[in-house]
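Chain nomenclature is as follows: A, B, C and D, assigned in order of appearance, with residue numbering initiated at 1 for each chain independently.
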Amino acid sequence: MSASGPDVIDYQKLLDEIAREVEPLYGQGKVASYIPALARVPARKFGMALTTLDGKTYRTGDATENFSVQSITKVFTLSIAMAYMTGELWRRVGREPSGNPFNSLVQLEYEHGVPRNPFINAGALVIADVIAAHSPDPKGLIRDFVRRTSANPSIDYDLEVARSEAEAGFRNAAMANFMKSHGNIESPVETVLDIYFTQCSLAMNCVDLSRAFLHLANQGRSPITGDEVATPRKTRRINALMLTCGLYDAAGRFAFHVGLPAKSGVGGGIVAVAPRHYSVCVWSPELDTTGNSVLGSHALEMLTNRTGVSIF
Amino acid sequence: MSASGPDVIDYQKLLDEIAREVEPLYGQGKVASYIPALARVPARKFGMALTTLDGKTYRTGDATENFSVQSITKVFTLSIAMAYMTGELWRRVGREPSGNPFNSLVQLEYEHGVPRNPFINAGALVIADVIAAHSPDPKGLIRDFVRRTSANPSIDYDLEVARSEAEAGFRNAAMANFMKSHGNIESPVETVLDIYFTQCSLAMNCVDLSRAFLHLANQGRSPITGDEVATPRKTRRINALMLTCGLYDAAGRFAFHVGLPAKSGVGGGIVAVAPRHYSVCVWSPELDTTGNSVLGSHALEMLTNRTGVSIF
Amino acid sequence: MSASGPDVIDYQKLLDEIAREVEPLYGQGKVASYIPALARVPARKFGMALTTLDGKTYRTGDATENFSVQSITKVFTLSIAMAYMTGELWRRVGREPSGNPFNSLVQLEYEHGVPRNPFINAGALVIADVIAAHSPDPKGLIRDFVRRTSANPSIDYDLEVARSEAEAGFRNAAMANFMKSHGNIESPVETVLDIYFTQCSLAMNCVDLSRAFLHLANQGRSPITGDEVATPRKTRRINALMLTCGLYDAAGRFAFHVGLPAKSGVGGGIVAVAPRHYSVCVWSPELDTTGNSVLGSHALEMLTNRTGVSIF
Amino acid sequence: MSASGPDVIDYQKLLDEIAREVEPLYGQGKVASYIPALARVPARKFGMALTTLDGKTYRTGDATENFSVQSITKVFTLSIAMAYMTGELWRRVGREPSGNPFNSLVQLEYEHGVPRNPFINAGALVIADVIAAHSPDPKGLIRDFVRRTSANPSIDYDLEVARSEAEAGFRNAAMANFMKSHGNIESPVETVLDIYFTQCSLAMNCVDLSRAFLHLANQGRSPITGDEVATPRKTRRINALMLTCGLYDAAGRFAFHVGLPAKSGVGGGIVAVAPRHYSVCVWSPELDTTGNSVLGSHALEMLTNRTGVSIF
């Protein structure tokens, strides 16, 4: 891979270029509106931050503005759960793409309460349940993990968003109850939902997120903090899961067009990892029909095409 | 990636080691038995061949024994169809993992006759139909493509296998008719089925297949023949599709454990690509419940773990 | 039941009244257009014929004009198959409503090639296969059964319709092939499809059909011919199947509003049975979204409401 | 129908005969065990009570022993809801058989939160929600309705059963939350679940139940109390719904073999209605794989065959 990229890439110039070129795409998507706290985010925002293995961060546009990370936290909670459990974890949640929208109950029913992967909502609920079983303070634990990996101790939950999610979260409640009926949720449903709605409310910016994912581009060791956040093998596995399952029902198309492991959230963020090169976060709130950021997807495709850096 | 592998790998020693170590796995799977021609293949076979970018091929076990490539041909026909069509192709076949067994009609019905990806049977039937529309001799064209990319002019179809498939192919006939009812098959159903059953009957060995896939490890240019078989961008896209959809309903698990784009067939073959490193083919007829070779899957996992070469 | 109807009903007056009152409904549905032979039937047709247990037939409107009976033949073929087989028949086809449109492959896949009931297309294909296994001339047998029960020896197939169906019948071919892959079709697929497409092409009028169903209102014995067409027990069972499964995905609504066992066809016919009272056939080609005649459904609801004759 | 039954049936003798003849079937089914309160019911119980239009009740076996009516209450709550609402009710719940097990979420997802009919659990939850919106004391209202129609003022809920259901009711909670996410539940989920679990816990015996359903055999007017419980048209409609949807996924088979509108419960009760003849309740706790009483189903089939009274 290193052979195929140009020797020296001027990342700053590239990000600025991309930021200019995606502007005409404003208006093609829709800001998530299922809760008021997300619906009132301004649509015309675009930020991008890229951190290379030497720890240097390039940024453009609204890269330091906080947004709701939503499903991107599923990568953090999966990392935590994989540290606790190894083989048994994969009896409670699968590792296959879902072939169905991210919140589908159909597959969950046909597969007897075992979610297809940890990045669909049902899978993330099981992961939250795993963390609840192993920690007296799951929400504190998740927050600390994020603060440490992004080297930003001021990151916190947005409790208004969390409350708003809880009030509208009937479909997640349906899934948690359904999995409980199959014995795949141990803690009380309310406990698990509370962790889940809270974790999704984390407020972070592109710079934070590009840093928090950097160890995944570096075989598990963070170049910023020096910590081994995950073993090389677990790192490869998390990347594999992001590639096959990270963008809801558009994972295939994203692998096809962008070719990097990535995770998106309905807040409009997408984080991607180029192993041995960089991690990158892009944010723009307008979503396409698959729930992924319109400008964000295009920006990452441009990045791959112009750097020639792809895992394939 | 290059940084992470050891500087010099003794591939010959590694393949011989793997061949010894997978032997205790004999008996854990079952040889495909849906047609007599496949059912009578001896179960205890194991071959492996790996070709590096310099064109050198390492081999072990039954690497020069011919077997029925079956679904592995779907990569060849996709390559041919992508040369003919660009954008329109993806209106007739998707690029998403299926989340269902490889021969499911359910998803096809819910998605109005558009198969999820070109590697499930329904998708390969659409690809065969595309080739039929662009060539007066589709079967000759496919055979020539394979002969040229593997630099072996003696490769041919096994017409007994093809006939056997046709006689048992009611489910594929069901899918072709169903897609025809949705207007997604242009040629007569019989024509498309004939191409499909014939392409699956190609008889090749591990050495042939590792060579025929080598351009996919080299941005589309074959180090053996010097031909540009595909553009760099199409090469990345074919690899992306193999990674997300190449192993039926076990694509996610395979990406997780092996971490290389790959395509398997019910004849017991699996071909994998390590971009910028090598292509590899392994063959062993006993299949697991997902239709993938038991010894083959393990051999590839060992290969990845010991070389440290993974796309993630 | 007899207690609840008025002692003497003037059926002629009632039919004429109904014919007048349904006229404003013209234009609310659409004539079946999937084959040219059906598409060119004039939309504004309405006929109705009712035959009482004494063999007297009342008629109104276009009651003597022939139309394509289509799925209504499924009752005839079921009657024939039930005469051949008893217990085993119900291992090859279910007796439950489908909860899905009449031509769905989804349920067929989940239930391993066993159709839910004999009135969905897949079930009728199995029934045709049963008849093929028991008779050297299945099409002659079906025609003779219909001629005899309706006491009209001139009834025949419309071979242009049959050919037209065959040319457009990819979905039925998909189902037959799929069931064959599950071992639930014995004869060649082409044989079964030929019987099916031919049986659907029977050309009959309302008078014929009301007579052909009269034995189902009389415990199996035809008041017209004196024949015992079915035993009392089989008669009750055929009526039960019509009530629960006879109107595709609208069986529940029809039972609710009309309350009589009935069978409809996409040619616009509906035949209904009031046990111990009468059989009735109504025809009008415009169909609602569930594939049932708009004017026909309303006419039968009026008939039930005004006579007070319902099985409930 | 009256014509087809023998002029005088000795119901007492018939019930006693049936009670003797079903005895060998003990052991073929399983007592419901999903909650302790049901699991400890003795398996070898059989009771039957039949009430004719003149108000006379015949009984045999354990006909005066209370059992948990469970889903049979869905007929009572539907009757109440149909009195409140007419057209709008059927926008919130369908009238079609489900073609899926009684607690399936799959169909609910494909149909956007609208249950197929009022007798699957999801449909009964919507009905409970309708009652909650129209009454300040829904549980009192339901109990009073049952006491009045069965003329037994001592009937009451078994609150231990209700609590037990609530503790194990994750799947019903899943469905209620799911429908709430689609806007098809108005009251809080907890309120609706409380009504539902409580209504299912009603403790009644065969005599009570045969009397409580008698008006459905008499066009809506109870011969016992003289009340018009429902209009003749609503009565026919409730009977039609019982016939097409009353026995979970075995409604078709039951219509085929028994031929009477009926409703079953997992407590082992089945109530059936022979319009213009009688209502009958049978109870035996061992259930078949579709959740219906083994001895109960057979007893009702014997009753139909020997009396010749069937709606078909």
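Quick note on the criterion: a residue touches a chain if its C-beta (ideal position, glycine included) is under 8 Å from a C-beta of that chain, and two chains touch if they have at least 3 such contacts.
Nothing here was measured: the structure is a model prediction, and the numbers come from that model.
K.L.:
Which chain has its C-alpha centroid farthest away from the centroid of chain C?
P.N.:
Relative to chain C, the chain whose C-alpha centre sits farthest away is A.
K.L.:
Centre to centre, by mean C-alpha position, how many angstrom separate chain A and chain C?
P.N.:
Once rounded, the distance between the two centres reads 55 Å.
K.L.:
How many angstrom between the C-alpha centroids of chain D and chain A?
P.N.:
Computed value for the inter-centroid distance: 48 Å.
K.L.:
Note the residues in chain A that touch 2 or more other chains, in rising order.
P.N.:
none
K.L.:
On the basis of the stated criterion, which chains touch which? Give every pair.
P.N.:
According to the stated criterion, the contacting chain pairs are A-B, A-D, B-C, C-D.
K.L.:
If we count contacts the way the header does, which residues on chain D are in touch with chain A in the complex?
P.N.:
By the definition above, chain D touches chain A via 104-106, 108-110, 170-171, 173-175, 177-178, 180-181, 189.
K.L.:
Across the complex, what residues on chain D touch chain C?
P.N.:
Listed in rising order, the residues of chain D that touch chain C are 1-4, 94-100, 107, 116-117, 219, 232-233, 235-237, 239-241, 243-245, 249-253, 255-257, 259, 261, 275-276, 305, 310-312.
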